[in-house]
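Think of it as A, B and C in the order they're written, each chain with its own count starting at 1.
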Amino acid sequence: MTMLRQAAAIAGKDLRIEVRGRYALGAVLPFAATLLIAFGMSLGPGETLLRETAPGLLWLAVMFASVLSFRRAYQAEGEDGALEGLALAPIDRAAVFLGKAAAVAVQLWALEVAIVLLVSGLFGLPVGRGVGVMMAGFALGTVGLAAVGSLFGVLEESPRAREAVFPLLVLPLATPVLLAGVKATALATAGRGGQAGGWLGLLGAFDAVFLAAGTLVFGYLLDD
Amino acid sequence: MSVPTWSNVAPADAPAVVLSGVTRVFGVTPAVVRVDLRVERGQIVLVRGSNGAGKSTLLRILATLLSPTYGSGAVLGFDLLRDREAIRERTELLGHRTRLYEDLTGAENLRFACAMFGLDRAGIPGALERVGLRTVARELVRGYSQGMRQRVAVARAILRRPQLLLLDEPYAGLDTEARGVVDEVVLETNGRGGTVVLATHEPTRGGFAGRTLFMEAGRLLPEAHPAMEEVRA
Amino acid sequence: MGRTRVQAAERVAGRVVARRGERVLGALAAAGVAATVVMALWVTPPDAVQGDVFRLIYLHVPAAWLAYLAFAVVFVASIAYLRTQRTRWDRLAAASAEVGVLFTALTLVIGSIWAKPVWGTWWTWDPRLTTTAILLLIYLGYLAVRRLPDSPARRGRWAAVVGVVGFVDVPIVHLSVTWWRSLHQAPAVARFAPRMAPSMAWTLVLAVVAFTLLYAYIVTLRLRVGRLEERAMAEALSPRLGPGAGASASASPEAQAAEEVPAGG
């Protein structure tokens, strides 16, 4: 089996578990909704301010959702020592990295649809304009978040993981995704999607770099 | 699974296990201390010792889950540090952690294992039948008892047909029938020339012939140790 | 037996030489820093626009240079560690990261102190400063990861991954922050360093060199402490490991700690 097929098997397994356990639906989405409502309340009922800050709040919610999703993805491996099962298999370590990244990316895309609709409703963000650019931004940005999260999510398996190291690592490293994603979304919803090319390119470059890096170094994190 | 390379080819008569001065330390706590061990192919080796004696750590080193802090060794002729993938292809670890996914069924767990280890799925129904799980294979592992989970793990070992079978306290929490299933896979592995290393602090049922080793505080006691006589009796 | 005594003698001799080199380095660094202070505070003129506040540049620029140099060292040492598994590279990475955190924090503090009189706010979201702030967070992540695992080999590997990936990310962060920032004000942001008199430029060069020497000295000290820590750990460990058959097959923990070659090396 090639590395990609192994990764597909792992991704399929993760998605099947997610469908059965419905963690994204049951826990992450309500958390994102709570977060957005809290943002809305803390910034006051003024419509203009909410509309202007909506892209940023949207992406913040997505980033926190990705942290939760990866925490869950790797803790599911901890339930019965299943991560050891992956470590014991004679597979390419990159397959685990890519497989888990792909599975969480799919979950995040589904969550993003819901989050965008929520933000549109709560903050009056006009999502009709520039849908294509916005979708491209989410597609690319999510891959980047998935790459960073899948790489460092394995740290969550450490016994001392209660020190919140994973979010501390992921959020600064994912800064380009946050900046580019917010800008692309803001430009798209303002009807100026044509100017978002540079930001989308930046997201693509980030994705390429982190997918490559993760493929190369994941084994050093998984194996002892 | 992997393209044959020099490291992939080992003499067929290489001993199952050769360890030289293997030590494993966690922080400042030694778990395994200067272990020298040689196990020929086809042996069944019992490793006894109280909790915390280092049996688990030793088995995990053999399975390549842990690397030794000091020392060197080879499993089935493949170096512990450099040829780990080759060791993984030929070794199966059966422990009290079953490495199953709670939200998959027993059959799905086995199918995933087949994908990870390059095995033929066609053998799954037969393996499930042998461990007596045919009827519950379609239920989520979340609802399984410890005995049922361990049977899934045994089914996995049956499918894998490893050259070296490592068992780490496999009987914990099992009823008599499930214990019998574990004993069966031990005998079956040995029957086709495989090697078995079984670590447990419980007395075993099967009365397996073969060597018994004793571990205490991370060390392997010399086989002429007086404690061994009691165990062998 | 004779061979080990020769080796021990060589080690001692090596240490004496290294200690002397360390002192020379320290003396040079002290001299450089002292010269910089003199030049910065008295010899150079105040800036035409910003006045004496401008003298902060002689601390700010070297500190920023070192923040990035230290991380580059972490990057190279991390790669070397992943490829060779020799603990000396992990020690270097850890030492450089610790010193780097200090200089990064210093950069941010100086930048903030400088911003207040010049711009009126404590923080300006200047692209370089913002990137430096992100760099600080990545460093802190690196140090936090070092505290997680219980085995030194795993700690070194995990940290090395963060060191490599973090460094690769920094240019991307810088690019994104620069674009982000450029949308909100004219690209020709008033530079922190407009026209400079020759003495100012030279002092800046001197400052960078002096602080680089200081960085090297502190890292050397930190490495020495690291070796002592490892020796202490090996000595705490060895009674528990005790004598045993086959001890010479692979070097004893004490010898190995001194030579920094565990099983994989």
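Following the convention adopted for this analysis, a residue touches a chain if its C-beta (ideal position, glycine included) is under 8 Å from a C-beta of that chain, and two chains touch if they have at least 3 such contacts.
What you see is a predicted model, and the numbers here were worked out from it, not measured in a lab.
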### Query
Going by the contact rule set out at the top, which chains touch both subunit A and subunit C?
B
### Query
When the mean CA coordinate of each chain is compared with the mean CA coordinate of the whole protein, which chain is closest?
A
### Query
Looking at C-alpha means, what's the farthest chain from subunit A?
B
### Between subunit C and subunit A, distance of the C-alpha-averaged centres to the nearest whole Å
32
### Between subunit B and subunit A, distance of the C-alpha-averaged centres to the nearest whole Å
37
### Query
For subunit B and subunit C, what's the span in angstrom between their mean Cα positions?
45
### Task
Provide the list of subunit B residues touching at least two other chains, using ranges where the numbers run on.
67
#### Entry: Residues of subunit C engaged with two or more neighbouring chains
150-151, 153
## Note on the structure
The positions of subunit A in contact with two or more other chains are 224
#### Entry: subunit C residues touching subunit B - in the complex, by the definition given at the top
150-151, 153, 233, 236-237, 240-242, 244-247, 249-251, 253, 256, 262-264
### Query
For subunit C, which residues are in contact with subunit A within the complex?
82, 134, 137-138, 140-141, 144-145, 147-151, 153-154, 157-158, 160-162, 164-166, 168-169, 172-173, 175-177, 179-180, 183
### Query
Residues of subunit B touching subunit A in their complex?
1-2, 63-67, 84-86, 88-89, 93, 95, 97-104, 108, 112-113, 115-118, 140, 149
### Query
In the complex of these two chains, what residues of subunit A are touching subunit C?
151-152, 155, 158-161, 163, 165, 168-169, 171-173, 175-176, 179-180, 183, 198-199, 202, 205-206, 209-210, 213, 217, 220-221, 224
### Query
What does subunit A use to touch subunit B in their complex?
1, 6, 9, 13, 16-17, 20-21, 76, 79-82, 84-91, 223-224
